[in-house]
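By written order: A, B, C and D. Residues from 1 in each chain.
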Amino acid sequence: MNVLAIYGSSRDNGNSEKLASYLLKGINHTPVHLREMKIKPITDQRHDSNGFQQVEDDFNELIEAFLKADAVVFVTPLYWYGMSGAMKDFFDRWSQALRDERFSFKEKAKDKKAYVIIAGGDSPKIKALPLIQQFQYIFDFVGMKLEGYVIGEANAPGDIEKDTKAISEAAVMNDWLKHNNR
Amino acid sequence: MNVLAIYGSSRDNGNSEKLASYLLKGINHTPVHLREMKIKPITDQRHDSNGFQQVEDDFNELIEAFLKADAVVFVTPLYWYGMSGAMKDFFDRWSQALRDERFSFKEKAKDKKAYVIIAGGDSPKIKALPLIQQFQYIFDFVGMKLEGYVIGEANAPGDIEKDTKAISEAAVMNDWLKHNNR
Amino acid sequence: MNVLAIYGSSRDNGNSEKLASYLLKGINHTPVHLREMKIKPITDQRHDSNGFQQVEDDFNELIEAFLKADAVVFVTPLYWYGMSGAMKDFFDRWSQALRDERFSFKEKAKDKKAYVIIAGGDSPKIKALPLIQQFQYIFDFVGMKLEGYVIGEANAPGDIEKDTKAISEAAVMNDWLKHNNR
Amino acid sequence: MNVLAIYGSSRDNGNSEKLASYLLKGINHTPVHLREMKIKPITDQRHDSNGFQQVEDDFNELIEAFLKADAVVFVTPLYWYGMSGAMKDFFDRWSQALRDERFSFKEKAKDKKAYVIIAGGDSPKIKALPLIQQFQYIFDFVGMKLEGYVIGEANAPGDIEKDTKAISEAAVMNDWLKHNNR
């Protein structure tokens, strides 16, 4: 199974990344850090007569890796009760990829498995629920399956290790990913 | 009253902007289009010993306008069931502004009035509800008051004119803003 | 068009009922007040070998009226951030009706139009959003279409008259119902 | 520590109850099954000149047990994407208890710890999120602390045993309850 992990944090080795490591332990996967890539915000040209213009950045490369994966792990810190702006820019550009015939986006996204890992502070297990609902709507739109999510509570670097519930949830999902049994 | 309208769309004169025009009709206000500004994504340096480094872009100018306003209207298309990435980048940078002593951010944001205008397709009156909840959490965190929101349904350019319910809601809120009676 | 209005309030002539009157103005409809009916809570016998046992109360009569309607208006005060217990008991019993062959429940519920009217206090326009989402999940399950909803803010009797935004929303939906144009 | 578990299911030994057993394993607690009690729906007399009239049922007894507890575990099947009608009737009656001076309800509810256990079918880990948000609003209103929640997926009797993620979450929370360390 081809597993891709997309990290939305602007920090190296942050809490969301550590939480994801419990999900990904022992699993061969490709990590992509959005902070190391150039993904420009969308320019909405859906209604332009010429459609979307090509953009010079790393988006196409990332979308190709995305479309090849069987399972994709979306890892983001909870920034202002949402995914990071960098990750949002990536999703916004899906509007462009959906209309780019080279990709066959919707056909290839369909039935892909998604996992979501979020870490943040300020009651994230309640206040990240709208973000989970947003991810679900995104995946529904393109026919992906949200296999599971974990919301971890963490503020200072390393805090996530204290959230034994989140770590235990990630460990169970590690088992699902390893055995691909769902 | 000092009214600021922040537009998150990447398109000129789109549906969210038109819907906002019903809220802002006859009201003296400052419009800011994020697509015309340079606001870089956050680099999370909250936990760096030196804190946040200065960023060369238009963020400080915008945050100053924001902090001077009595009421702020946030206008965004519904991109992938969330605010646009450009608007998200603006909020993400609040983490930096909160720690920048020049701004007295939290003191000045407190009790500021917020209005939210969203336009999009695919059942937005249900699927934008998580975004409304996210805005509420954001405003709660800094002590702003969410006075009201309108979610309009629109896909193609100009569609918003058909959503008479949304337009009627915006018109009522126009009256609130004019009379500042809440 | 056959319009049924189901009222979940335990009070006569309360705020949710008044708000609904703006939606129903000039529209021929059948009002049903749950407080005047006997609808027992569900006893979950889905997994009993004999299935559900008949219950002596007014449920069957109500479900028959429900299944005959083209449009159903669900009117409830916001009690503890949800629909009233009386209305919840009605929905819980759908599990029984779904399995009762006399009703052809799912076939008849499909494509029925639903309207939701909620009135309550304590920031209902935010805190009733989970209830809207719950209604949407309910309607999705049986194939009903949620045409629109209004959340009004009101505490003391009569308060709803001050919520001009909610009244204006109900008035627009009155027009939809009258012209059945959606 | 005085632990009370309130079960909202209409079935004996159902999936929500089994899931709760992992949370409560080895913990001295008082179980209360709403299906064995008589709790009438609320009659909203908040605005009556004489206030609420006494109701002849088991509510007062239950509310006394509730107010004595240090931690309360709310256990409910997911019925139509909400708590059971029986449990909703219990919460609705809080409006009465809040105004009954014998109880000092708000003073005693404050800082009480709450745990929520939900089991159901049809993507409960997404579709029960509005219910979690509702519980949070309820607890916020009376100053209780939502310590944690588990949503289990289960349809047929016994199904919950297959949801190893939910069981693992309940086991971690069992440890919290035992050591009262949060």
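Simple rule for what comes next: a residue touches a chain if its C-beta (ideal position, glycine included) is under 8 Å from a C-beta of that chain, and two chains touch if they have at least 3 such contacts.
What you are looking at is a predicted structure, and each value in this text was computed from that prediction instead of being measured.
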| item | value |
| --- | --- |
| Copies chain C and chain B - interface residue numbers shared by over half, same or different | same |
| Gap in Å, rounded to a whole number, between the CA centres of chain D and chain C | 24 |
| Chain B-chain C separation of Cα centroids, rounded to whole Å | 34 |
| Inter-chain centre distance, chain A versus chain C - centres from mean C-alpha coordinates, in Å | 37 |
| Shared interface positions of chain D, touching two or more other chains | 129, 133 |
| Complete list of chain pairs which touch one another | A-B, A-D, B-C, C-D |
| Chain D-touching residues of chain A, taken from the complex the two chains share | 125-126, 129, 132-133, 136, 146, 148-149, 164-165, 168-169, 171-173, 175 |
| Touch list for chain D against partner chain C, complex | 9-11, 14, 35, 41-44, 47, 77, 79-86, 88-89, 91-92, 94-95, 122, 127, 129-131, 133-134, 137-138, 141, 156-157 |
